[in-house]
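Paired with chain B in one complex and with chain C in the other, chain A is shared by the two complexes that follow.
This part shows the complex of A and B:
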């Protein structure tokens, strides 16, 4: 019954999207005025119904209703509850429903709370959002119905890919999806503003919280995904330039460029056409990413279903939306004036360079991701990996960081650079100090990590410069946010560079009782014991790591074996053990047993790494997200609204 | 007694190859580092740029697949024998094609890949700064 109800709700929600689209379009073509009053409630209802349908899908997974095909294929009654819930979006159909839920809910939020835009622009925005929803509803209902029943219910389900059975799955996809789909609102705002020609500061200010919000989630999603890969894959890599990672990075880069250009449009009414263009690009890149991952062009843990029909469907949808938005842009671009002019040495000038570099990095990541696919279609098999990206994107990213140093210290419109020069020396000194220290004492370091750490030194000091000589209490929240986010970039950059420059690795086959040295640690291998998990068996190793200071810590890496359920193949995973210290992380993995002379295993493969400052990478990611969150709170004027409300309430209370 | 001993020996002999296969991995360097830290660093750098052919977008430096282990062994033993990293990469490319190397060569097929970003930056910069210069002229024009 639950499944049927869910499906019915989806159809009703799709009909409501259809209603919003038609009513909005008629209104915009100078139809009757009262049609506009339909669009808001229809958008809200559509969002709520889709969310309820998604909740029903989760309920099916919680109840392990194996008569539903999706549950039978992706769940198992023995699975821990958290993974039953998370399993609802750990598959193609469920994740598409999650996508639609977020799309619908963001439309509902715009309909409920957006008060700054002109009425017709808002209706055009909601209409665009409804058009997006409608396409994805069609995709879900016609080619990936999550509520499909099986004619005969199997006794139990096939379980979930063990790699996905991790607490990371509970958070990583929803976070990333909120980010991806949040950009759809910016896309709809851009389309709406193009339709009604209202492109200016009001439009930019309305769009800005959405860009910031989705970018926060993209940042968190990428950071969490990176940490997940780090400890789950068992080799300690935190970024692989894997196509699937790249397609999450591309919308992030577009979002970063957009939130800087939207600042220019909101504050100075300049770069208008470019901001609209970027808003279109942002969500387009989200769709391209979803298409690449879901169409089966790539095989990875993320491509749940390899199905050419779905791929074609997504491709058509994408062509329709991106093509439509770009056509609209081309028609209207002539009427969109570029806006206020500015000098090269100015805040706007530095943000233009920022946007140029960010879009170049975006383009090269996209190029590197698509190139092997296209080359293969043309009969040439090549791989594009870390060496390419490090060599091409690395220098650009470092230049971008240096521009980031200058931008906040320049005035809007025109600047003589005096403030910049007066505040630059401490930052340059910090960078030079790091560089000299590394050259003198660092040993042999690659050029990119060396420059990375020096630039991190410059950025760390310079990012704080906008706060100097300022009353900290009266500094606006968005300024704090900017400072924090830029400082976070320095922290992450230092972590990445230090990890790749100073990593220490030990691979050994050790017998119980043996001691292995890695970096400053003496690690004693105490032995292994079998343990049983809820749906796996495992071998748990016990390691005692002792620091030179005499402190000792116990690490328990596991090698897990998941049995094949209902005819699927058994899978092995490694659970790394991590010891976090102020200076970095000790990373231990228990590998294969090594049989001794009598045939029984007496030694085990151990993989040990000392990763200096590695956790700074994710700390930096967190700081960037936190900075953006502060800016969001400041920009959305939540505090101001709250204060006004409180004042009004207080007045009412004391009113006679 | 003698027969028994002979039988045992025979069994041992028969079991030995199988046991040896189990006990001594055919690729000892798959999970074992080179003694010389400089060579190991070279090996590590090279392995990180070689694709594990049976994995999902992983390098041979971070995969548990048996083929990745074999390839790590090849790389480390060739380096230990004194071959240069570039020669080893060439050897692997000759054997498996460019697919194996994450570092695409610069040739006709990849010219766009390497030069594309540069062209993008140049054209973008030209457009942006062309606009800025136009802006300046206009401002001066407006002042007079």
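This part shows the complex of A and C:
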């Protein structure tokens, strides 16, 4: 019954999206005014119904209802409960339903809470959001029905990919989806503003919390995904420039650019057309990214098997949305009045440079990701690897960080360059100190890591500069947020640079009792023992790491074996063991047994890394997200104050 | 705004992107990557013997006028064991076969030859996979069909199957 109810709710929600779209479109073409009053409630109802349908899908996974095809293919009654729940979105159909749920709920939130925007712009926004939903509803209902029943229920399900059975990963896709879909609201606002030609501070202020919110989730999602790849894949790296990582980075870059340009539009009413275009690009890149990953267009660990029919469907859908929005932009943006003027040395000027750099990095990453496809169309086979990205994006990112130093210290509209210089000496001193220390004591370091650590020193000090000579208790929350986020960039940058400059690696075949040295640690291999988990068996190695100070710690890396369920192939995963110290992390992976001369294994492959400051990377990511969250809360507070004032004014006006 | 055509640039870029997507959807990617050395002379190399009693292999050995197979293998490679009977059958059919052992120890190679037979005239030891990389071979086992002048004519990736044996014999005969 649950599956049928879920499907029915989806159809009703799709019908409501259709209703919003038609009513909104008619109203905007100068139809009857009453039609507009339909759009808000329809949007809210659509969001709620989709969310209920998604909850029903989770219920099916929790109950392990194997008569539903999706559950049988992706779940198993033996799986721990948390992974049964996560299984609901760990597959193509379920993740599309999650996508629609978030899309619907964010539309509902806009309909309920957005009060500052002109009514017709808001209706146009909701109409655009309904159009987006409708396309994805069609995709879900016609070619990816998650509630499909099997004619005969199998005794048990096939299980979830063991690599995905990880608590961090259970929440990685929903987090990224919230980020992607949050950008859809910015996209809809941009379309709405283009339709009604209301591109100005009010539109920017309405869009801003959505951009901030989605960017927080994108930051968290990327940070968590990077940490997952780091400890679960057992390769020891935290970023591989894999197509999937790139397509999550691209919307993040667009979001970062949009975040800063929307501030200019909201505060100074400048950069209007540019902000609108970035809003369109942000969500477009989210869709393109999801499409690339899901359609198997580029090979990666994230691709679900998708048939060509689905790929074509999604491609047509995207072509309509992105093509439509960009055509509208091309026609309308020319009629947008030019915004307020500003000098090059000003807050706006620095944000323009920030935007240009961010979009250039975006374009280069996109080029690198898609180049293999384009090259193959021309009959050449090529793969683009980390050296390309590090070489092109690295220097630009460092310049971007230096612009970040100057931007917050400049005044809006026009500033004096000399005044800026007077606030910089402490930061320059910090950077120079780091540089000298590294050159004198650091040994042989590559130029990029060397510059990275020095720039991190500059940024760390300079990011705090906006707080100097200020009453900290009266400093608005968004300023705190900016300071924290910029400081987080410095922390992450220092972690990345230090890790690549000072990493130590040992790969050995060790017999029990043997001691291996890596960096300052003496690591003794104590042996292995078999262990059994809820749905796997494993070999657990035991290592004792001793620091020069004499403290010792036990690490237990595992090599896990997941049996093949219901005819699927068995899978092996490596659980790395991590020892976090103030100066970095010791990373240990247990590999294959090594057969001795008589054929029985007497040694084991051990891979040991010492990664200096590596956890700063994710700490930095967390700080950036926290900073953005503070800014969001601060904006919400300001909005609340504004509401109270407006209400008071209204009362005064109607007072007898 | 003066240059209104600039506003169409994003749309044009999107058009190009989607063109590439459509191409890729209609022409699925080839996952098999062939060596760049097909129809070119073997790169120069001189490998020491991989184990006692069998000669090493150098590139000049391959241009003695007789078409032959060069088999890239390793004692630690499980599929290579499954391939042994097919190599033996090729040997019986009179095909000269040379081997390149990848990252292997002499005693392990000897053990492998004892257990699964020795169809090889010569076996070179490629400790760092450098010759393998130079040949454009991406794994083990792989087999190259080399003509009498030492020019690589074909690359077979993965295990040679029993039904491929007559085909390979015919191809080598055609090269004479």
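Here is the rule we use: the second predicted complex is superposed on the first by the 635 of 656 C-alpha atoms of A that agree within 3 Å, B and C clash if a C-alpha of one lies under 4 Å from a C-alpha of the other, contacts with A are read in each partner's own complex, and residues count from 1 in each chain.
Everything that follows uses one rule, which is that a contact is a pair of C-beta atoms (placed from the backbone, for glycine too) under 8 Å apart; a residue touches a chain by one contact, two chains touch by 3 or more.
Keep in mind that this is a model prediction, so the values were computed, not measured.
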Which superposed partner A:334 touches (first chain B, second chain C, both, neither): second
Given the touch rule stated above, what does A:288 touch, chain B (first), chain C (second), both, or neither? second
Would you check which partner chain A:644 touches, where first means chain B only, second means chain C only, and both and neither mean what they say? neither
Between chain B and chain C, the one with more contact residues on chain A is chain B
Contacts of A:8 with chain B and chain C, given as first, second, both or neither: neither
According to the stated criteria, A:531 is in contact with first (chain B), second (chain C), both, or neither; which is it? neither
Show me the chain A residues, by the header's touch rule, that chain B contacts in one structure and chain C contacts in the other. 299, 338, 381, 597
Using the touch rule from the top, collect the residues of chain A that touch chain B in their complex. 233-237, 240, 242-244, 298-301, 338, 341-344, 349, 352-353, 356-357, 359-360, 363-364, 367-368, 371, 375, 380-388, 392, 396, 505-509, 572, 574, 591-592, 594-597, 599, 605, 607
State the interface residues of chain B toward chain A in the complex, per the touch definition above. 19, 22-23, 25, 31-33, 44, 48-49, 51, 56-59, 61-64, 97-104, 109-110, 112-114, 116-117, 120-121, 124-125, 128-129, 131-132, 135-136, 138-139
Name, in rising order, each residue of chain C that touches chain A in their complex. 1, 4, 7-8, 10-11, 14-15, 17-18, 20-25, 29-31, 33, 107
Using the touch definition up top, name the residues of chain A that touch chain C in the complex. 273, 277, 280-281, 284, 288, 291, 295, 297, 299, 308, 311-312, 315, 318-319, 322-323, 326-327, 329-331, 333-334, 336, 338, 370, 373-374, 376-377, 381, 597
